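Shared between the two complexes below is subunit A, which has subunit B as its partner in the first and subunit C in the second.
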Partner chain A sequence: MTAAAVPAASPASTGEQPGVRLARSRRNAELSLLLLAMVLVAAYAATVEANVLDTVTTDFWIPAAALGLVFLGLHLVIRWLAPFADPALLPAVALLNGIGVGFLRRYDLAQATPEERETLAIFAGTGGRQLAWTLGAVVLAAALLAIMRDHRSLSRYAYTLGLAGIVLVMIPAVLPGRFSEVNGAKLWIIVPGLGQIQPGEFAKLALLAFFAYYLVRKREVLSLASRRVLGIDFPRGRDLGPVLVVWMISLLVLVFEKDLGTSLLYFGMFVVTLYIATERVSWLLIGLILFFGGAYLAYVLGSTVGGPFANFYDRAQIWLDPFAEPYDRGYQLVQGLLTLGTGGLFGAGPGGGQPTLLPEVQTDFIFAGIGEEIGLFGLSALLVIYLLIVERGLRAALAVRDSFGKLLAGGLAFTLGLQVFVIVGGISKLIPLTGQTTPFLSAGGSSLMANWLLIAVLLRVSDGARRPVTGGGGPAARPAGGPPEQLHGAPTEVIRP
Partner chain B sequence: MNAPLRRVGVVVMILFGLLFANLNWIQAYKADEYRNSDYNGRVQVAEYERKRGNIEVGGTAFALSKETDGKLKFQRTYPGGAMYAHVLGYKPVNLGDTGIERLENDFLAGTSDQLIANRIKDMFTGDQTGGGNVLLTLSKRAQETAYKQLNDNQVGATRGAAIAIDPRTGAVQALVSMPSFDPNPLASHDTNEATAEYNKLDKDKDRPLANRALAETLPPGSTFKIVVAAAALENGVGQQTEIPAGSSYTPPTSGQPIRNAAPSICPQSEVTLRQAVTQSCNTGFAQLGVRLGADKIKEKARQFGFEQEDLSVGESGEKGGLPVAASRTGEMTAPGGGTDPAALAQSSIGQRDVRMTPLQGALIAATVANDGSQMRPYLVKQLLGPDRTTVYDPAKPRELRQPISSQVAKDLRDMMVNVVKEGTGRKAAIEGYTVGGKTGTAQSGPNTPDHGWFIGFALDKNGTPVSAVCVELEQAGSGGSAEAARIAGRIMAAAIAEGR
Partner chain C sequence: MPELVITVARFGFLILLWIFVFTVVGVIRRDLFAGARSGRLVAAPRAVGASTGQPAKPAKVKRGRAAHQLVVTAGQLAGTRITLGEAQITIGRAEDSTLVITDDYASARHARLVPREGQWFVEDLGSTNGTYLDRAKVTGPTPVPLGVPIRIGRTSLELRP
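Then we have the complex of A and B:
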């Protein structure tokens, strides 16, 4: 914690800008990477058709081209509205999204009868729907970039967003199961006949914006007023309040929405932003102890009391030994492991696997389904792409000059990484399995839209970080509303006692 | 705030490193285990990609695979239906496989090490030649006769078994367990249907899935007298030796008198051993057993194959096969080791705790017919490669044991032939052949009908044994053993007709 006393004062001079000394927009690099990504997606689609249909139809390139057009549109919006945004983000996300669409189309082919396969329309089935969702999500991301010309403007709506986030989290918990429960997890708002959305995906963004704002305001208190125990600074009891509130919320999520993953996600998100804001390891320790203590308590209560804790206890049991009930409770996880194992090092090749044997392959288990076909090497590549996105987000946080931006980008990037960890770790039996979506891969509009919004925020922050301080960067150089008063005037110079 | 941000970056890298390490564990280290796991549906799909070989009897396939356009490419069908079910077993999609389908699974599926040359050839030619074929020793006519005669028995028995073997080799000529079942629904690709059918069969009180010919034992009744007679012949008793008989015998220490099946049987105080066998004289054998003692009888039974727990009927070698239950003589002595004449007397006529499988009965008859040499029973004649020209593992008949000398075998043969000629087993006679045998009627319980047994053999004009058989009709009641003798004769006649 040597940097504890280093202030983020006079942001323009001390804010780090690694590798962005030159104010180059690098939009052409983004465009060529994007083209490369789309070529990969088209190649994936061709391989799938060759394997499943024994022939490559003349239309194989259409989904890739359609995706390419959508992403090209976003690229143009970025050129116009965020010219200094990180050039690696869009192509990396586009590749993941494209592989997701490609795999879902491949799954449609596997489900279709041989006769239907020949005539399966490009825009039909899960794959086609995902393509449409991608269009919607990208439009949403572009709209956010257009509305939010400066990420600091978000802080003005921090309390509104915080409230909205909590409401979004709570709705599924209070709704009757009929309107909120899918596969044992109460994470949804189901409008019968219309569809379903997963409000938690959006809540994640809203809550993070609130956390970032709240912590920027409170960071001095939280990081300074402390008591030293065993060489570690612990915060005062009354400052623990907000943390405990979030802890309670995440435990309520765990119990009433029967979802460990979301709970872990919210709590991890909060603790890490708290840590970034205060630079105190003690917060991490407190957070870890609270979370694991809570999870253990839920486990013990689940085994003795049952009731709302039983679901968590069940999941922990399955995790400990999925092969104990391979056709019953452990079925999903066992099939996921077998699917991954069957893929082996190199996989069966796109289209060469049997995704229909794996339940929930289009959502929770998509990473395993893809893994059967592209093997350990392919999955490692996907993990590297995720890691690239996360680290690029953290890099934007490092480079941006204001504390709110740092917390926002750092928190969002970490949340994305944590979500990947929770779901991929879950399906590969590293941690207990919970129903999370795999960002950009899983079928489903909510997840796709929320994660594209997340990327839009990261793009916006990275644009702010890399933009030359003296401006001149086109229309985007003029922040829509200007930074809010309290952030401008906040005393960030801190002297340690 | 940059230092913690950097650390968060490191944390994310560690988390992803854990994911990567774990994926390595699953996709590299555990890959083979998971790929070939029983729970992995892909194994099944792969298994059904290659055409499974036939199981054939006398040139006709009774288990074969037909191409379908479903997800699983081949449907296993059993044209013989219930007639061959207990031998062939079945190869279901979701249940455990049984019988020859299980025993020769690797060869039928084409994954056996013996077929590696075929698979390598396929790799170069791009063909899928399919699995190998299994040829059985069964005689089509004998099997058909055994199945039909047993199921149409004239005493109304609903459970029973018949098995015929070639005494010279041990090759099984017929093997039927009644009631039987149709294996086709069990092999259905609709796993729900298959499971429902299995559950129905499993719950049936007559237990059609049980193989009564090999894996179930019952009290053998008078058929066990052949074992006692063999022990007597080896202990100074000849065919013409007079042994004590009478209309009733009460062993010392027990108030329960042993009587004969009818008052006309050996009422005189002494009969020859030959007469005792021919008429199935209970009082004579009870006293003979008490005179010989438990040890001699148990030892003789053991030499005939009683108490053997690891016999199985499959290939002629030791590869394993359809499981065979151990036949038992049970305790014949008093607790503490003293003599118990009552137990000994009852055991000597195949009651009390004596239990025998139909296979064991057929083996006793076969041993007698084959000059005292007991051949190891087997079902697989040979394995035939996918090309139908290469022969693998042709059966090599092997002697299992030699329970009796040639002289004792000859005496027993004479007496058993007499049973069919003028005694209780007359219905087993076959025109132009010398048939010998022994009937058995065993009490099944205080209020249930008796079991009917017959063990026997057929010799051709030169005295060469051609077939040995055991038929058992569970709770057949009066006339059961005579009906068993009649069925046994028909089965042996069919085996002879096919062999000619």
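Then we have the complex of A and C:
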């Protein structure tokens, strides 16, 4: 099954060598999963057309085919550049992305007049733009795989990346609102006439690479020097410095960019990488206490002082009782909850819902919009797919051999999971709603590109983790001659026990 | 469109979605157990093939199953698995080691595992605190049986089939 990719990795001589297992690259499994995912995307498009147009047009399959083609391209790039990468990642992400494009196209159909519906061009509307963004994002991911042949090379640019990350986070906060504010959150860089990007999405990746590098350097100090209080090891006061700095940054994001989700994301990301690096539960406790303390403080300040904290206070109020003002501030959340309720267990069928009634259904509330049509049964499948992606990322982190890779992959996988939690928790009224994108589903180029880059890094790390050890003890040891010669020179003759 | 077709499409899509999920889980599952299973199944034919195709010399050494994985069983990297190839594995704190261990009692270049004729040998590289095979200190290249812990500082490693 894996015949195509195996010879490249293990020299011809391995066949007769005992003790050598042919490493399985599983690329063919990836290909067949990918085909199944694309069949699903096409089936979704056909069902939508049957429901909305009452007929299936002859070219319903074109967006699915376009997606399939570009994912196939990425699959070939993986075959070539990362042959041992995890086989489940690409198909799972491809399915989510395809369903996202399909739903956005379905949203365009709902908005179009009946005459326009029959002739909706492939790159028209939100769905078409999302399709175009997907093509771009996948090309970007392939480029990253091509440039970064070893994830460890990323650690060389750690400080540059860290600086770039902080700058990217800070730009929207200092720009005047005209260039950075959309729907009350200052998260954007808007170039009038050209478009807008959300730099925070990319900053996430850059900051994580920096965190991973910093913590690999500092892990000894952070995990060894400690005081024991109540059976838990707490770090020394001066080691708390970096945590407090990141805490301050995330609070500033909360205040100046008016965005709880992003601030929760950055802080959670840092605390979890810290936890992975040191294996200290105390860091999780400190992190949770700091975050909840900060959020509560912002809530209290918002109710008394107002000003920059007012936005957060508003959101918390809506969360506590969305039905207090169901046609005003609570409208969006109430509509979202009603939408999920309408979907019920099995949903109204793709194309059978009313996504136009839900504000921001193409971005923040896409999960509710999809939920109306595929129901709890379908939504849980999507959530399981997210779970599998995160699991594969964590698995890569466990299997990879260097600490930087472990922290990088673990942190990235956790970040993806946390982001899904923040937005899905928000629309289902588990936590206050914040404007996070749903990875791979929501309309929006920045988020799509950043998340595909994240997947490219995970693919690269998992390739490094699963690749069988071939070349001596790393690059430095290789020129020193083959190991067998040295062993033959050893004085002891081996006698078996 | 008849109602029936739409209902079939609607539920068909949901079922297909879950089929996809379970197929992915299946691939992951096969991936997880691939090492253990292929080891068991392939062990016998391999020995037969070796005795016919090659001189009898190596057959003596590799009685029993061949090692396919190096597993860290204790220490900071516990749970790490390395798929064994035909190249040596170097262990130590140096960044260019195959297995970089961050153990306070390990040297920069602590030990190495070398395959020869199907058997893995552990060799100490002049470490400060020594390498132990089970309870015995390793002084020269020593064959490592399956499942016997190699101890380096606070880290333990084992060969697994």
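Throughout what follows, the second predicted complex is superposed on the first by the 448 of 497 C-alpha atoms of A that agree within 3 Å, B and C clash if a C-alpha of one lies under 4 Å from a C-alpha of the other, contacts with A are read in each partner's own complex, and residues count from 1 in each chain.
Note that contacts are C-beta pairs under 8 Å (C-beta built on N, C-alpha and C of every residue); 3 or more make two chains touch, one makes a residue touch a chain.
Just so you know, these numbers come straight off a predicted model, no measurement behind them.
Here subunit B and subunit C are compared by how many residues of subunit A each touches, and C touches more.
Of the two partner chains placed by superposition, only subunit B is touched by A:Leu345; subunit C is not. When the two structures are aligned on the shared chain, A:Val390 is found in touch with subunit B, with no touch to subunit C.
In the overlay built on the shared chain, the residue A:Val39 is in contact with subunit C alone; subunit B does not reach it. By the touch criterion defined above, A:Asn51 lies against subunit C but remains apart from subunit B after alignment on the C-alpha atoms of chain A. In the superposition on chain A, A:Gly375 makes contact with both subunit B and subunit C.
By the document's definition of touching, neither partner reaches A:Val169: not subunit B, not subunit C. When the shared chain is aligned, subunit B and subunit C each come close enough to touch A:Leu398. Shared-chain residue A:Arg26: touches subunit C; no touch with subunit B. Comparing which residues of subunit A touch subunit B with which touch subunit C, the overlap comprises 16, 279, 375, 391, 398, 403. If you check the complex, the residues on subunit A that touch subunit C are 10, 13-14, 16-21, 23-24, 26, 29, 33, 36-37, 39-40, 43-44, 46-47, 50-51, 54-56, 87-88, 91-92, 95, 219-220, 279, 346-347, 349-350, 352, 374-375, 377-378, 381-382, 384-385, 388, 391-392, 398-399, 401-403, 466, 468-477, 483-484, 487, 490-492, 494, 496-497. Chain contact summary for the complex, subunit C toward subunit A: residues 1, 5-7, 9-14, 16-21, 23-25, 27-28, 30-31, 34-35, 38-39, 46-47, 49-50, 53-54, 58, 60-62, 66-68, 76-77, 79-90, 95-100, 102, 104, 112, 114-121, 123, 139-143, 145.
For subunit B in complex with subunit A, the residues that touch the partner chain are 1-6, 8-9, 11-13, 15-16, 18-20, 22-24, 26-28, 30-35, 37, 39-42, 45, 69.
Put simply, subunit A touches subunit B in their complex at residues 1-4, 6, 8, 16, 114, 272, 275-277, 279, 323, 326-327, 334-335, 337-338, 340-345, 354, 357, 371, 375-376, 379-380, 383, 386-387, 390-391, 394, 397-398, 403, 406-407, 410, 413-414, 417-418, 420-421, 424-425, 428-430.
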